[in-house]
Every structure is written in structure tokens, then in C-alpha cells.
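Mind having a look at this structure? Questions to follow.
Chain naming follows the written order as A, B, C and D, and within any one chain the residues start at number 1.
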Amino acid sequence: MMTAPQARPAVPPVTAAASAPEPAPLLDVRGLTISYGNARGTLRAASDVGFAIRPGEVMGLVGESGSGKSTIAMAILDLLGGGGRVESGEILFDGTDLRRLSAPERRALRGDRIAAVFQDPFTSLNPALTVGRQIAEPLIQHKGFSPRQAAARVQDLLSEVGIRDPRRVAAAYPHELSGGMQQRALIATALGCEPKLLILDEPTTALDVTVEARIIDLLAKLCDSHRLSALFVSHNLGIVNRICQTVTVLYGGLVVETGPTGRVLSRPAHPYSKGLVAALPRITAGRRHRLPSIPGTVAKLSGPPAACVFAPRCPFAEEACRSRPQAMLTDAAGDGVRCWKADALAGIPWPDEDAGIARDPKKAQPRSAPLVEVDHLRKIYGANRSILPWLRRAGTVAVEDVSFTVGRGEVVGVVGESGSGKSTIGRALLALTEPSAGTVLFDGADLTRRVRQGDQDLRRRAQLVFQNSAASLNPRKTVGDAMDRPLVLAGRADAEERRKTVAGLLTRVGLPSAYADRYPHELSGGERQRVNIARALATDPDFVVCDEAVSALDVSVQANILNLLAELRDEMGLSYLFITHDIAVVSHIADRVLVVYGGTICEEGPTGRVLRPPYHPYTEALLSAVPRLAEDGQETPRILLEDAAPTPGGQGCAFAARCPRKLGAVCDEQAPPVHRTDDGHRIACHIPLATLAERAAVFPELAGDAPH
Amino acid sequence: MTDATPVRPAPVQLAPRRRLPSLPVSLIVGLVLLAPLLVAAVAGSWIAPYPYDEMNIMSRLQPPGAEFWFGTDEFGRDVFSRTLVGTGSSLVMGVAATALSLLAGVPLGLIAGYKGGRIGEAIMRAMDVLMSFPPILLGILVLAVTQPAQWKAIVAIGIVYVPQVVRLTRAITLELMQEEFITAARLRGENAAYILFHEILPNIWPPLAVEASLRVVFAILLGASLSFIGMGAQPPSSDWGLMISEARPFVEQAPWIALCPGFALATAVIGINLLGDGLRALLDPRNTGAH
Amino acid sequence: MLAYTLTRLVYLALVLAVMSVLIFLVTQAMPGDVASMIAGQFASKEVVDAIAVKLGLDQPLIVQYGQWAAGILRGDLGRSLVLEQPIAPILMEALARSLVLAVVALAVVAVVGIGLGVLAAVRRGKLTDQLVSGVSYLGIAVPDFFWAIVLVLIFGSYMKLLPTGGYAPLSDGFLPWASHLVLPVVTLVLMLLARIARLTRSSMIDVLQTNYVKFARAKGMPESVVILRHALKNALLPTITVLAIDFGLILGGVVVIETIFSYPGMGRLLLFAIQRHDLPLIQATILVVSAAYCLANLTADLLYAYVNPKIRHGMKAA
Amino acid sequence: MMMRRLVARAVLSAILLSGTAMSVQAAGTLKVSVDSNLNTLDPAKMKGGQEYVAAYLIFNGLTVIGHDMTVKPDLAERWEHSDDLKTWTFHLRKGVKFHNGKDLEAEDVVATIARIQDKATGSTARVNFEIVESMKALDPLTVQFQLKTPYAGFAELFGERQARIVPRDAIDTLASKPVGTGPFEFVSFAPGDRVVLKRNPNYFEPGLPKLDEVVVRILPEPAAQVAALTTGELDLVWNLPLEAIDKVKADPNLKIDSVPTSTWDGVIMNNKVKPFDDPRVRKAVAMALDKQAITQIALFGNGTPTHSPIPPSHPYYNKDLKIAKGDPAGAKKLLAEAGYPNGFEITLHTPAGRATRERLGLAVRELLKPAGITVNVQRVPFDVFLKDIEGKAGFYIDGFFSRPTIDTSVYPWYHSQGSWNTALWNYSNPKMDTLLDSARQAKSDEEAKSLYGQVQALAVEDSPGVIPYVINHINGLSTKVHGFHSHPMMFLDLRDVSVD
């Protein structure tokens, strides 16, 4: 393991443009090895990790779950918990090895010169203290501010992170703020003592896309204006591309590649990086039948690696890869890659699995009656008719007057942010929740009523694939048992025959049939999601609702599952309602897209139409917020929405409160008219269609293509 | 890795197969403490050196010694024998009362959680009323209605703990009802009975088992308290609570009468507590060995 | 918050109404009766009947309940049949004495229990933690009456330091009054301490693993601030609930403690009433204790809501 | 800060030491404990020893039973009766005032007795006064009773505990605010806690009482009583728990004062209920019970085995009879004769909370076992005992306080018309009736002694029930208490008592 840490300083990196002496790195991590120990043994979360961040530079640390990226961030902060231990290595901050400092000395650095923002703003703020007080704390602690001085500084900080009414926010408790506001407050906290280094651990992952876009924008601006260095931990390549100058790719606790963001993301050198970039669904990529994907599951190490960690999943692997660990190869520019074949593989793309047979969209546009018809669906939650007057409540409108259809063999995508009502629509379609008004016809029959009358056969024809693959399987039943029941209910009495069917289904979703004897916790996330799909198929359905079915999965696994779903659709003629917050995923798989906001449909149409102008203002904002890779072309100016939470249920347009193109009172007071264009494209907006059509395309690359 | 060690394949962890559960220490210690008590509960009257109720005026209030290991009480009865024989009474009190509360509480909780609506509301309001009585008071109230007897104390304690069991069962049921595998069961057309008994119940029993072990402790203590104030086991029974109560006047001249059953009680309570802690650890979903 | 409070009050009223019916019916079902009790040994039936008529015990149940309930609503708890006195003053005096016991015990439990719990959580897995766990096991391992006996033995009989029973009114002076409280309070504390300490420990451990505590540490806050300002406030929420329940438990459960220490509170009054079959006194005592228990629970819930800003603001009535 | 810590330490040590601090109290205050709460302070309704303690401190009767168990003048300075023993005239002491300032008058006596006679009052003394035909106040200081039948012991009836004379205008508030003529005035009563009494300055016996104040603490726990006595928190423990006698004896600051009484506990067998309708069965039970052993078990020896309620300390006690030694073999034989060769199983009820009676029950259970009788002891709350057991069940343990006379101690239990007998064991033997009736009119002590000797012999022979012992009344007190003598009637006579 003679690797980068020794090699790299030997060849001082030289920037191509200027020959000015390279400033010493602000943060220089060398040979960092971290392990977690528990009763069952040790797990190596990071092995011999090294990277450097120069002053003013934002470095992305990317990898899938379990790659060790957050562990490294926590090790820098000295906040490893739960049995984590730094085994060896140096963490040089401004030339000082942090590991040699005492705990109080490191604490004194934290929040002062090294500040952090964590993933989940909803849980990172103390619910019992006002936001202002929490922001003021480090100021008082590290800078010796008086509470009064600190309070004044808090207002400035809040203004700086884009909060309009800092006084109110400072006095508020965290739960009174939206997620975006909370994350801004956390950023303000981090900025308070004017740190040199920011540790950003997935700072936007928990947020909606439009909010994420605003926060990233803010972070980029702040890093720029304060000349901040930052370690940006993320799994999202698009966001890394947007904010980081350099990027370090982790796999199985090892750095597999490091280099300037543009280069790494456009011309990845390590096979893993290639796969990662290739597997990302992309709006601009055109419709492909299959996404390139990385087989297998993420590696976890329990000791020093004995071979290339990626070899078991690598399409380019050969015997040499499996017999010895890989060393970091560093070039003159400081780029590194942990693959001895990197040079040989330069220019060779990740294998594309696409058979090249573009799906015939006509197949998805059947002439016969639609399979599912949703008519004026309305759902109100939490209405209360108590005898106690102060308990009476009108309830919250989750879905407001939604109508659409799903054709046979068609994939309809539903895109929206959290709280948009998209999941409620899905549940109503499966008769899991009773509509407050309106009807859901399934194959011509009123599904809700039939189910209420006990018609389980009709219900079995509509199934659901869940987001949380862990919770969707009964932990006390084997995979086989879980899949056996639907068959029993379908009246298949022969146990042996059922067993075969289960085995067949498992094979069908790409799992060994021996998995029938396993319990859910013995499977990986991707495997569980396959089991979920297999179970949904066991009732032989016509229609499957996929509710954020791939959102919780890592990119490489997500591509696998998307491919599987596409195959099944083609083979079995399934219809999908594909619910997601990720418009890129929808654009990949859906024939038609519904864009929902605040319980209403703002735009509906064939995927190709929705991705092109004319846009509903919300669709436009959503598209512009999608982070993308460099190769996807020049970014257009983003449309940044307010953080304000949507307020459905009013008289006017649900989006009016956040709409950047709001016309005026009419938007608040009247429901928007529906503009119809060709191919069943509908836009609900007060702005005339012609005006909407004037907007430039968010993805110019798509503009020329003919709509499907 | 420049040395000549043979190259091994990367120790990539595979999805774990079923492993033998590693038994928590507290579980083992708990069982070790309880084992002799269980033996005493079953075979107490056979292993006891003297009949529990045999009086001997010549040897009353004898201190512990070779003849009477833990001394004698005011009737000259052997305290050790009495404590041994009393094990059954005291443990049965806790276990039977807990069983009773589970028997009544679990179905009610399941119904309240699964059905919800008016039935669920009615059940929960009834439990609210029941819970509004302080526990020992409810026990006293129930016992005051009839002549005291041990089985009545068991029923009383059982009733006292029904609301807690109902609440817990309902809470878990409600939580499970939100689980996606229940949704999946509904989607494949399962009826309520199947969902309750095959999907929900197997997931309820681990937390219930932990809860039950704690309930047993409370029930034993409450039973002892009731016996103490004369509303539980009746003399000449050697129920521990009753023994301690009867020993009160002699506590100064003959503390052993109270101490022996006191220590037995403590052993039982600590044992069951440890057992509960161990059970909790064992049944924790994070402990992958458990199913 | 207001809506929540109102709702809870309405519930409380309903629960108390149902309870009053239950209490009335159950006490009526008790064997033995007050007329025979008053008539004494071998009184003839006519004597018993004469007493029953005099006491109004011959009227239909519903009439008796109606009179009783109406009386309570007017604040009249009735007359004790045995003591031949209005119940309210006797009950209030006993309640006040039990309350003193409960409040002092609870205060000690809260301070010591929370302190021990925090200590154990912070020193998790270390010797301190094990010691606290061990001691708390000991506390719950033996019933309160056993502790009481041990305490009486040690402090009363052997050391002769403290009075082992009875009660001294404040008019006798503060010290006699306080000294009579020590042993019962210590017994109650021993009984309740373990639970509070363990609960605080576990919720403290949970809170110490939250993101906001991690974030507070990332801000460079000293450990003392992290624990006392960030963690403790949130960790105390479940403890508050349990403390209130304990308060009710003390009020209801003092029967045993008061018996052992001959402390003239509610518990002994109730036992006295049961032994003498003094129905009005039994009914009033149980009702008042249960009402106090309910009120304690209500207070806990409101306190919980108040301390928890998430509920305090924008309270949705649960 | 320093100051605060000092204060805290002072408070702490004061609390710890207050036990000893307690002993410093107002001179002339006697702190007494009783073992159970007082139900009422209305003497007519009293039933328990702890209540009688208060009765004798606050009230007086027309007569009083002295320490020698003979009747003595109290509120009546003298009395006379007609030769036929049917007309009784009592002359009241002059100048006696109730605590409320009113003078004692003959009308008060009439009202008091009339109230006891009223069934609705529910006084246990009512049966005593059933023989009263009529009564009237001849003048303010003279009251006359006309009896239905001749009765020699009528004056003694006024020494009975319930027959305390109360002011006729304050009857309704007696339970909570008693007013009497006794040596001490009522101050306060906190149920479950204490009764406070103060010296009656107008008490009719000059110079008495000596104490300024009496505090009667209610302390049911024996351990607490004894501890309080040793720490000086109490000066006197009334009816000292038997278990604590050794401890008190061992303490140099404490002493024991005891007196034999005719208070007894009994094994009640209902002679009309199977199997006790067969005298052989009753006799077998009596044979099997070793009275000496029972006295040891139930009373720790603080009592004396006896044949009937007549205590061995009494001159009428029949010394020639042998105390049963326990003969299970003989009992077995008798049982076989009665048709129970294998014995039988039966439930024995004991009243809960009466320690000696509970112990007696358990002793009976053990002692009958070798005779083949399986006894299941069932403890019942006292109110249930009174309602459902006493006078109704077949087999139970009961107990009775000393009566003022031998007649009132024996007649009601053994005469076929005796009030307790008809309720308890329904025993009937004409020979016994004759003996008892003659004893009532016995002209001499000799004659009475002989008659009562035969009564005892017959009682043993017929064994209507088993009376194993009479109990000693024991008080534990501090050596600082002077002038105290335990009373065989078990009430507290504190007139002559003083405390250092």
C-alpha cells in the first residue's frame, strides 16, 4: 500500500494557467484509516484515504452509501461516534496535525475555524431552543461576544443567508420554519465565526429539488465571497458538479479517483467512476431502453484490501485486479486514480446495456379504453366533526380535483415535491384510502366501492412497489412466505406448484431462487426492492404503482431496478404509475408525465412535451433546478423559487405563492384555466399559452427533437 | 503489502446468513438467578426441610443456625422452608396476573388499533377510566368487594394492568398499520383476521414479551403489597409479602423472618428484570439472529 | 394550547363522572355493611334496619347516587357514617398530609433521579453508570414496605435517630414535623428513584445521539453545555410524564407506606374507611385520590406540552 | 454561600436529632399511644379498647369499677335499692359540672340511658338496660330506676364503658366534640393521628388530675409504638404489643405495668351447626387443644389458661379443674365415636387485624391437625366478620373484653337465654340455667363461689366452645411516668398520673 500520500507531495501539482507557487493545502488528509468495532468484528470505513483542499477550494467527496464519505467528514471534526476509531493517518489543518491536538483544543477549533453543516436540517436544530440562540452559541463560545452583540450578529448572518425577516426567524423555534429556512439557519451558524473550512455533509439531500437548488446557489456564493474552503460530502454527482472545483471519489472506504470536477465527471478514469456517471438517468440523454448499470452490491471491508475492491463488479476486471490491491496512481496535475488499467481504459466508456431497440411509443398509446380513470379526485385529511366546537376542523386538502387516465401498458410519471399529494393519488388509485370526492375506475369498475364490498380479486390486479424496501417486508417472514401468500389467496392449492412459481418470480427479478428461504434483513436494499417487485408481480397485476420505488437506492442500484421495471413492463404489458420527486427518473421511464403541485395537476403530457416549452412555471423551475453533469451542456440560469411551503386548498392557483411569474391577484383568487396543446398536453396557468411558449428551453439539447 | 503473505481475496462481506443469536449477558444472569427460584416454585414443598406450617413452640424466634438455616418465626416455623414453599405463591401471583392482563389486553388492543373508529374509541376511553385509578387503589377496590383470597388478588392485579397492555398493543398495532407490509397484505386482498394474526401479532409479541417481563415484576411487587395489607394471600400461606407483613412486629428481635423472604423477593425481581433486559436485547431487530 | 387544555378538561370531567358511578357501584357491592358495623356484635336485624333507615341506606341506589353526586358537585363530600362528621375537612386534612409526603418525595426523586440518570448516561458503560444501574436495581428489587421495615430497623430501632411513625403537626414546630417525614419520604424515594434514573439515562442516551447534539458539538460547544443546555431539556420530556404518574402513584400507593409509618394520610384513611365499611368515606376518598391522580396526569401532559415548543405552538389537539 | 451551607447543616443535624429533641416537651403532658384509630368519641357507640381509653378520660359513669374490680361511687356518691332489688335510686354528687359549664343533673342521666336504649343508637350496652322498666329524675340530683326483674348487679352496669353520662343538650355533637365530666376536656381529634385532651380545672375530685395535657397518638404499627417509646416521643404505650415486652423490659428507661383481666378470646363452635351439634365433637376439639401451648403461641405467655371467662385471679375460679393439656389421641377416639373416624375438614374464620386472635386461629389449626381435623383458616375483614361470621358461621375465633361483674361475664354466654349465647353457640343445658339463675340471687360469697365452681365444671364438660385463656393487660411506660396503674378493665386511669 505505497500510495498517494507518499507519492503526491513528491510531485508538486502545477496549475496549468498560472505558475504561481501552489498555496499550501488548508486541509491535507493523509493515510487516514478508520474502523468501526463492535462485538461481531471490525469494519473498515476508510482505508488509507488521502486528499487535499486548497484555500478557497470546494472539494466534493462522493460515493455511494457505505463508501465511508461521512465517516471521513466526522473524523475531521473529531465527532466519530458509535465505536468509530481513527487507526492511523494524519489530518493536517493549516499545517497542524489535528490528531495530535487534545480534545479541548480540537473542540476549540470546531465551530470556530472548522464549521459544519449536516444532512438533515429537520433534526440538526435543537427543538427546545430558539434558532437565534443556537446561531449565537458559537459566537459567544469562541468569539467572546456578549449575548447582545451575538444577537445583532445573528440578524446579520440570517440576512446573509437570504432570510428576509431575520428578527422573526431568530426568535422562532426550529419546527416553525420550513426545511429550507432551517438549513439556511444551520449555514448561518456555520458562518458565524468566519471559519476557514466548511464541512458540508450532504447538506441538501433531505430537501426538495427547488429548495436544494437555492441552497446550493447560496453555498456556492458564500464560498466564493468568503473565500471559504469546503469539504462537500455528497452522493449526488450533479450537485458536486455545480459547486465543487475538485472531486474525490470513494468506493469501499478507498479513494478510487481524484481530480478536477469537470474532468472526473466528463472523462472518468476509474471504472467505478465511469459506471457511476453512466448509471445516472439524464433528461438530455434521450430515451434509452436500459440504463447502464453496475452489477452487484457495494463492497464493505473488514481489513486491509487484498485486491481491487471494485474488481467483483468491474466489467474490465482481469486476474491481476483480483490478486493484488491497487495503488493510487497520481499524475502531474494531482489527478489520481486507483486502477492500474486506467490509462488503457481511457476513452473506453462503461458498457452500454441498451439493446438499442427504442421502445415503440405507439405501443403505449393503446386505442382501447384506459385501464385507470381518475375523475375529479379529492382527498381531505384530518377533518374532525367533534362535539367540542374548538376541535372542529375542516381538514387539510391533500388532493384537489385531480383527473387523469392511465392507458394499458402505459407508464405515467407523477412528479412533485413533498406535500404535493402525489403519494395520496397513488394510494387512492389502489383503494388504500377512500377519496373524499370523485371516483377511481379500474378497468371500468369503481375500485373503491368494489373493495369496500369485499371484491379482493379486482384489487389484486393493482399493486404497489414501495419506497422503503425494508419496511415493506414483514421482518418475521421469509421472502418465500411473503410471495407465497398472494398465490394462496389466488386459490392455488398445490404447494409444490406455488414454490415453483415463487422461484420463477425470483429468477424473473434477477435473484437466485434460493432467496426464498431468506429473511428480509439478510438482503441488501437493492435485493429487497427486487423482492418487493416480485411480490407485487405474484398477484399477476395489470397495474403497478411505484411510489418513489428507486429514490432510496444508490445510483448504481437504481439503474438496475429501473431497467428491471422497464423489462417487466415490456414483457408483461404492465401499466405503471411512477411516483417520484426526481424528474430525471421520470423522463427516463415514463410515457406521460403529470406535474403535481399542492394537490393539483399543473401540467400533464407526453414526457417529451413536458420537457420542452411551453412550460408551466413550476415545471420550468423544477427542470431548471435539476443538477446535471458537465457533459449535459451549458447550464441555463436557474429559476430559484421561494422556500415557502406550498399551501394547497385555497381558491386560486396552488403555486401562486411561490410563482416567479405570478400575474397578480388573479392567480390567488381564481383557479387557473387549463390550456391544451397537441398530444394531450395540458397546462393549468393564468398565463396565456403563447406567452408560456416564448420561454427558452431549459434543456436546449432537447429543443430540436420532435415530440413523441 | 510487499511481504510474501499469500494473497487472499478481498474480504468482501456477503449478505449475512442466519446466525446463532449471541445470548445477552443479562439474560444469562437473569436465568441463573431465576433457576433456583423456579425449582423452589415447582418442588418447594418437597425440598423444604420442614413443613411450611409446622409450629414448634419450643423453638420459636430462633436465630439462623444449623437446625434452622434462616431461623424460625413466632410460631417456631422454619423460615427457610416457608420461603421456599412461598416461592410458588409469589411467582404465580406475578405470572398469572400478567397472563391475565395479556389475555384480556392484547385482543382489546389489537381491535382498538386495527378497527379504530367508534369501537376503538370506546375501548380506549374505557381504559382511560380504568387508568384513572391509581393501581393499588384499583386493586384494593376490587378486593374490597369480596373476601380476600389470593386468586382474587391475581384477578385484581390482572385488571390493574389491562389498560397498560391495551395501550401498548394498540400503539404497536397502529405503528404496524402504517407499515408497508401491512399495506401489501391489504393489497393482495387479505382479510382482517389474517392481517391481525399473521402479520401484526408476530411483530407484537417481542415488545410484549419485554413488557410482560416487567409487568411480572410489578405484579409480584403489587401482589406482595396487597398481601402485605392483608388483601392477597391468606395465612398460614407463606407468600413472601404476607411473610414480611407478619414479620413486622418481630423485626427487631428476629429480623431474619422478614429478611429471608425479602431477599428471595429481591432475587426474583432482579432476575426477572435482567431477563427482561436480556430479552429486549435479544429481540432487538438489530440483533440479526432473532426470529 | 388553549384548545388542548380545554379538550383535556372536558375529558377529565367525563372520566371523573364515569369513575364516580363506578366507585359508587363497586362500593355498594362490598360485603358487610355499615349498619351492622355501627350496631356492633350480635345486634338484631331490627336494630340494624333502624340504623339503616336513619342513615338513608334503605333508599334505591339511584336516589342514593343522585344525592351523593349532587352533593359532590356542591363540594359536599357527605358525612362519614362512622366518624359522624362531615368528610370534607377530614379528607382535606389527610390529603394535605399525603400531599406533603408526595411533594417532598417527588422533589427529591426529581433532583436526585435526574442527576443520577444524567450522570449514568454521560458516563455510559463506565463504572459510574454501572454503579447507578446497580443501585437502581436494588431500589426496585424489593418492595417499598421492605425498605420501610429496614429503615425503621436502622434509623428508629438501632440508631434511634428518627421517629419511625406518626405525624407531628407543624404547630409542634418545624423539626418535629420534618423529622416525621424523613423515613416515609426516603422510602418513597427509594421506590421511585430507580425508575426516574433509568428513564432519564435512557432518554439522555437517545438524545445524546441526535443530530442536534452532534451539531452542537460540531459548533465546538463544551460538553457541559451540550449536556445541560442541549440534551437535558429534551431528555427530560419523558421524565416529566413519568414524574407526574409517580405523583399519582404516591398518592394512591401511600396506603402501604402510611400504614407502616402510621402516617395519618389518605391511604390510611382509606384503609380505615374500608375496615369500618364507611361507604361515604370510601367513596369520597377514592374519588378524591383518583381525581388527584387524574389532575397530576393532566398537569404532566400540559407541562409536557408547555415545555415542548413543538406542541406549545400550533398545538393540534391530539 | 458559606452561611447557607452552615444553615443547611444545622437543619440537617437538627432533623436527625429531633427524635431526642422531641422528648423536651411541656411539663405535665403525657403522650400515650393507642393501636388503632378511634371510630367515635360518642361513648354510647364505642366498641373498641382504644375508644374506651378516651371514654374514661373524658367522661364518668354513675359508678366506676375500681382496680380491685369492685364497684365504687363515681358521679353517684351513693345509691340504694329496694329489697326486691327492683327499685334503684342514685344520688348524684353535688356541684359537678360538664366541660361546657353546665351542671350535671338527673335529667342528663335519664337522657343518657334513654339514648342507649334507643335501637337506632346502636349501642352495644343496650341489652344491659333492657331490664329497666322505667326511670325518672326525682329531683336534679336524684334519679330512680324501676327494673322489670330483680337484679343485684344493677349498680355495676353503670360502670360499663358505654354508660358514660353525657349532657342532654350536647348529644348530637358527641362523636366529634365530646363533652363530659371527666378529668380531661376534649381539645381536638385528628382521625388517624391523635386526640388531644387538656386538664379539666373543674374536675370534682380535688387536686386531680395532675397532668396538664394528654395526647393520645394513634400508632397502629407495633414497631413504631415501641420505637417512639424508646426515643421518648411517647411516655406510655397502652396495651403494649406482646412482642415488644422483652424489649421494653430490657430498657432501663422503660418499664412494664401489667394486670390480669378477664378479657378472653374463644374458639366459637355453633352448637346447632354440624358437626358441632354433637357434644362429642366439641369435646374432642376441646381435648385436642393444649391451652398452655395456645397461651404461649397467641399471647407469648402473657395470659393465663382458664376454663371459662372467670379468670384464675378471681376467687370464684375453680382450682380443682384441670387445664386441658392436649390429647389428640383421645380426641381422635371421641371423633370416631361421633362418626368421624377420619376426622373432617372445616373453615375457621378469624377477624383480620386482631393479632392475638389470628395467632390463636393458626394455633388451633396446628393443634387440631394431629386429631385428624383439617382446618382452613380464613381471615376476614372486621366489618365482614361482624356482618357475616359472628353469630352466623359455625366455627370462628372471637374475643370479649372484661365485664364489670362475674354475672355479666358468665351469664350471657352460658344461660340458654343469655344474649351472647343465643348468638354465639346456642348452648342449652337446663342444669346450667339453674346454676346461673341461682347464682344471681346468691346471698353469700360462699354460695356464689360454689355455684360458679359448678358452672365452670359444667362448661368444661359440655364444652359449648373453648375459652383457652384470659389475657393480661400490659402497658409499657417511661420511668418518668409516676402514679400509673394498669386497670383490669383496660382503660387508662390517668387521674393520679404525673410525668417528670
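A few comments on the model shown:
Please note the rule applied: a residue touches a chain if its C-beta (ideal position, glycine included) is under 8 Å from a C-beta of that chain, and two chains touch if they have at least 3 such contacts.
Only a predicted model underlies this, so the values are computations on that prediction, with no experimental measurement involved.
The two chains most heavily joined by C-beta contacts are C-D. Comparing the CA-atom centres of all chains against that of subunit C, the greatest distance is found for A.
Centroid to centroid, with C-alpha atoms defining each point, subunit B and subunit D lie 46 Å apart. Our note on geometry: subunit A versus subunit D, Cα centroid distance of 88 Å, whole angstroms.
Rounded to whole angstrom units, the spacing between the C-alpha centres of subunit C and subunit D is 38. One finds 23 Å separating the Cα centroids of subunit B and subunit C.
Across the assembly, subunit C contributes 31, 149, 152, 157, 259-260, 274 as residues in contact with two or more other chains. Of all residues in subunit D, those touching 2 or more other chains are 221, 223, 226, 353, 381, 384, listed in ascending order. Contact between chains, as defined at the top, is found for A-B, A-C, B-C, B-D, C-D. Residue ranges of subunit B in contact with subunit D, taken from their complex: 53-55, 57, 60, 74-75, 144, 147-148, 230, 234-236, 248-253. For subunit D in complex with subunit B, the residues that touch the partner chain are 221-223, 226, 241, 243-244, 246-247, 293, 296-297, 300, 352-353, 355, 358-359, 361-363, 365-366, 377-381, 384. Residues of subunit A that touch subunit B in their complex: 1-2, 39, 297, 299-309, 311-312, 322-325, 430, 432, 456-457, 459-460, 462-464, 466, 468, 471-477, 482, 485-486, 489, 518-519, 521-524, 527, 535-536, 538-539.
Those residues of subunit C lying in contact with subunit B across their complex are 11, 14-16, 18-19, 22-23, 26-27, 29-31, 137-138, 140-146, 149-150, 152-153, 157, 248-249, 251-253, 255-256, 259-260, 270-271, 274, 282, 286, 289-290, 293-294, 297.
Interface residues of subunit C, counted against subunit A in their complex, comprise 2-3, 6-7, 10, 209-222, 225, 229-230, 233-234, 307-310, 313-314, 317.
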